[in-house]
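Per-chain numbering from 1; labels A, B, C, D, E, F and G assigned in written order.
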Amino acid sequence: MVSGIERPLDLLNVSKGKEVLVYLKGDKQFAGTLLAFDIHINLVMDNVKEMQNGEVKKNLGLTFLRGDTIICISPASTALKK
Amino acid sequence: MVSGIERPLDLLNVSKGKEVLVYLKGDKQFAGTLLAFDIHINLVMDNVKEMQNGEVKKNLGLTFLRGDTIICISPASTALKK
Amino acid sequence: MVSGIERPLDLLNVSKGKEVLVYLKGDKQFAGTLLAFDIHINLVMDNVKEMQNGEVKKNLGLTFLRGDTIICISPASTALKK
Amino acid sequence: MVSGIERPLDLLNVSKGKEVLVYLKGDKQFAGTLLAFDIHINLVMDNVKEMQNGEVKKNLGLTFLRGDTIICISPASTALKK
Amino acid sequence: MVSGIERPLDLLNVSKGKEVLVYLKGDKQFAGTLLAFDIHINLVMDNVKEMQNGEVKKNLGLTFLRGDTIICISPASTALKK
Amino acid sequence: MVSGIERPLDLLNVSKGKEVLVYLKGDKQFAGTLLAFDIHINLVMDNVKEMQNGEVKKNLGLTFLRGDTIICISPASTALKK
Amino acid sequence: MVSGIERPLDLLNVSKGKEVLVYLKGDKQFAGTLLAFDIHINLVMDNVKEMQNGEVKKNLGLTFLRGDTIICISPASTALKK
């Protein structure tokens, strides 16, 4: 799966339609399906769950995330395999 | 409803006139009707309620929100369906 | 009053000469009459009152506010009507 | 005095040579005479007094202030009149 | 190994495919294999481990890191040699 | 001494070779001789003393200061005269 | 040694290959040999030691530092001479 990642945005591109875990500044975590992104790393995710200490704090559904609050984005499938 | 979201701003476009929940930096939450947005994610919302711990803290009515304080924007209808 | 708000700055334009409530980063609130704004959301307001917990903390009179400290701007009349 | 304020920087222009109170991020307040400003809101003030809780904490004399630390700038004369 | 580092990004270039330790703002540390970077210092790393006080807190697998949260990036091999 | 200050950077220009006091974000203060500056307000100072509560905490000698951490810059001679 | 510093980046240029002490936002200090820098003040340093209260906390070896986390950069030799 790692093959084909030449530039950082390539990982976002191959993650469209898949589950991702997003860390935000201020210790928030959002889990959901990545639908869209742009060069500012603004995202739209679906079925978003706001997580806290591994538990679902709130269901947010479809959500626009502003790029400058994002620390990292990780496809869930790659975390499970490790 | 997810169909047609190619770019992040598409979600804001289809949410015009609808209820949205906005998370701001510094743990503020605003709920209201999205009227307008621009590429900086500056928003105008109507019937804005400042929320704290799920309760209405203050009614602000029509409100301009500066984009760089925004963490995420979520149409309320999609959260309710989940 | 909502009609005619196509872009976020339209709300600031129709609020000139009217009372507005401004939330600033760092939990400051300023109330006063909006006189002028620019695309950076720099404002000039008159009869500015610095508010804290709903009480007037200080009268500042004519004041220039730098846009990047602003969270939101709300015309007072629309809050009262709700 | 309000007449003639079409754009936010107009207030800084008419305040040159006059006493102003400046709020900075991090709860600092500087009082002094405004000598110069630029479009970044960088300022030069003279006879600057660093204020804390209404008292003079330090005399700084001539001072360059970097614009991005500034919250607001208020001509002292307009505050006194209210 | 130091030879050939003319510009800061040269170190990132020679570190591709190698283990790196990344310090993020807010006291987070990520260890993993550097796969890609761009001029904003956005990174993609594989086999990412979120570290806290020298221990693995969470396995994140493939991860996109946004450049503006990064403090420093250090190839692990050079730290071990010292 | 105030004459000739048309723009904020003029004060930095006439302060070259003189003692200045610099306030940094995060409550640091540096005192030293201003050698050079640029439009980002990056500075080079010599004989820099890191100050805390009016006492010298550390001698840093020649130092490059990044502009975006600077709050204000004040020529020491103008403070003493007041 | 001060001669020849016309612009702030000149000090970084003459410090290449020499020991420098770097203060970062969030009270971190890195000591090491400056190898490279760019106009964003991104640095590469070698033999980097993360310092805390004057003691070595961690050896990081070769390290890329992102410019926007840097407060100041000071050649060690100039501090010792004072």
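Keep in mind that, in the parts below, a contact is a pair of C-beta atoms (placed from the backbone, for glycine too) under 8 Å apart; a residue touches a chain by one contact, two chains touch by 3 or more.
A quick note: this is a predicted structure, and the numbers were derived from the prediction, not measured.
**Student:** Using the contact definition stated above, find the chains touching both chain A and chain D.
**Tutor:** A chain counts here if it touches both chain A and chain D, and no chain qualifies.
**Student:** Taking the mean of the CA coordinates per chain, how far is chain A from chain F in Å?
**Tutor:** The computed centroid separation for chain A versus chain F comes out at 43 Å.
**Student:** Measuring centre to centre with CA averages, how many angstrom lie between chain D and chain G?
**Tutor:** Those two chain centres are 35 Å apart.
**Student:** Between chain D and chain F, what's the gap in Å when you average each chain's C-alpha atoms?
**Tutor:** Distance between chain centres, rounded to whole Å: 19 Å.
**Student:** What positions in chain D touch 2 or more of the other chains?
**Tutor:** In chain D, the residues touching two or more other chains are 25, 68.
**Student:** Round the ring, from chain A on through chain E, what is the full list of chains in order?
**Tutor:** Moving from chain A on to chain E and continuing, the chains are A, E, G, F, D, C, B.
**Student:** Can you tell me which positions in chain G touch chain E when the two form their complex?
**Tutor:** Result: residues 24-26, 28, 30, 35-38, 42-44, 46-48, 58-66, 68-69 of chain G touch chain E.
**Student:** What does chain F use to touch chain D in their complex?
**Tutor:** Within the complex, chain F contacts chain D at residues 1-2, 5-12, 21, 25, 27, 41, 67-68, 70-75, 77-82.
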